[in-house]
């Protein structure tokens, strides 16, 4: 297997998954900014950078994703799989783990 | 990703989720007021400030939310995800975690 | 959020939930009275004071509640959420946690 | 709430539940009698004294109970909720926790 | 409740349950005989002596049992409820806990 | 119950179960042979010697098994029930616990 | 049972399973390469080398796999069953445990 040079554009989430760039915790501690209840917790806000094709139903059709690229989202801190790409943190989430669009 | 200046109006819950402002515990310890069995427990009353579009069925239709903005609700103390916004406490709940409308 | 002055009539359970006033344990230890196997356990009898609109089916219809206001009910001691209101104890239960109507 | 004077005839199980009078363990240790593998275990035989209306299907119809009043039944020792009534032991079981009719 | 004199023929399993007489462990340790991996484990072979009417579907029909009286069966050692009857060991199993017919 | 003299041909798996003869671990440690990640683990390769009639659907039809007698299969090491027969090791598996046909 | 000489081409995953060759961890620590959050974790990238026929629906039809041979995939580190073949590491995964195609 050849070496894999990954960029954000080469990551294609399956089914109802979305690829989210985790926001730096600095910008979340500023005044008037949504932040987790406990400052020690992992970041819970991010920006959607890739969206899967949607959950597949048994009849072959798909559920249209509710999330689109560019959405700022709040997600459950224990959800998904963390990945790093070029020094930045990302998380692969199922759409159901996204609690709200926040921007 | 640019800085996110959040206000209550920018939080858009997904699916059957609702965004609830937690009531200060002071007003709940007054006489004649509903309060949790154990005073040491987390607040369980709040006011709904945002409501998601409703749970999506497999055929693409949605279940109309039973909750509306402004409802005072009683919710299970272990449910949802706590968030802070401008010094106030909020919680993102699924509608099924709301036990009763209390005002 | 303004202060919430709750009374039993302002509590409106959602879906298939019922609001039950817990019977004082004194009246249950009298002769000929149903009481839990272990006297140290929490009360398990109460009187229904509010009933939700019934569980909602996926097609939007509701299942008619089997319980009505005024029913004395026996319920599972680990079920529901305890609340206090004006010095009395109440519990918010799902109808499925009610085992039998006992009066 | 007024005092509740319970008798067997006032207990009306909901859905697919049955109300069972637990057989005294004495009669089960006699020769030729079905008894649990371990003598120290709780009684597992009883007589059905009340039967609920049957499990309700989503379309509002009910599943006819397979058990009738007077049946001697064998049930799983960890199932149900124990209650005492007038000095006798009873158990509220779901029909699915009844393993066999034994008389 | 009168005393219950049980015989195998009076045990009527409900739904998809079967009543199985546990084979004595002696006959299973003989040469050429199927026996559990660990000799210390509980017997796992028995003979079906009673069969329930079959699992009931939601529409009221039943699934015909695949097991019949007289079948020698291999069953999962942790399944079912052990009962003794006249000095012999029996087990009440769901048909799904029977792994294979072995004779 | 008479003594049961079992042979492979007398074992008839129910539903979607298959009866698999466990491969001796010796032949799996040779070069070029598939073997578990940890040599200390239980064997995970075997040969199918009996196949059940297939999983029964609610309407009475069956799902045709994907596995046939003679298939070499890789299966999850924690799946199924171990049995011994004439000194050899066998395992009764559900078809869903078979990961791949390997020969 | 004769000895089994396995090669990648003889491994035929069942249902919705895929057979994946695990990427060497060396190539994943290079600059600009996707790598797990914690360097100590097991590799989570691999190349699909075999694909099963797809998950079977109850009516006998199959869900077409979304993955094809040659895809580079990111998968959950706790998913699947590890196997070794000719000195290389492989993993048998269900398609639902594949998070994204990454090349």
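Think of it as A, B, C, D, E, F and G in the order they're written, each chain with its own count starting at 1.
Quick note on the criterion: contacts are C-beta pairs under 8 Å (C-beta built on N, C-alpha and C of every residue); 3 or more make two chains touch, one makes a residue touch a chain.
Quick caveat: nothing in here was measured; it's all calculated off a predicted structure.
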item	value
Whole-Å separation of chain centres (CA-atom averages), chain A against chain D	51
Whole-Å separation of chain centres (CA-atom averages), chain B against chain G	41
For chain A, residues that touch 2 or more chains besides their own	none
Graph class of chain-chain contacts, one of line, ring, star, complete, other	ring
Going from chain D towards chain E, every chain in order around the ring	D, E, F, G, A, B, C
Footprint of chain D on chain C - complex, ascending	21, 23, 27-28, 30-37, 44-47, 57, 63-64, 66-67, 72, 74, 76-77, 95-96, 98-103
Chain D to chain C touching residues, read off their complex	1, 3-7, 10-15, 17, 19, 50, 52, 56, 58, 60, 81-86, 89, 92
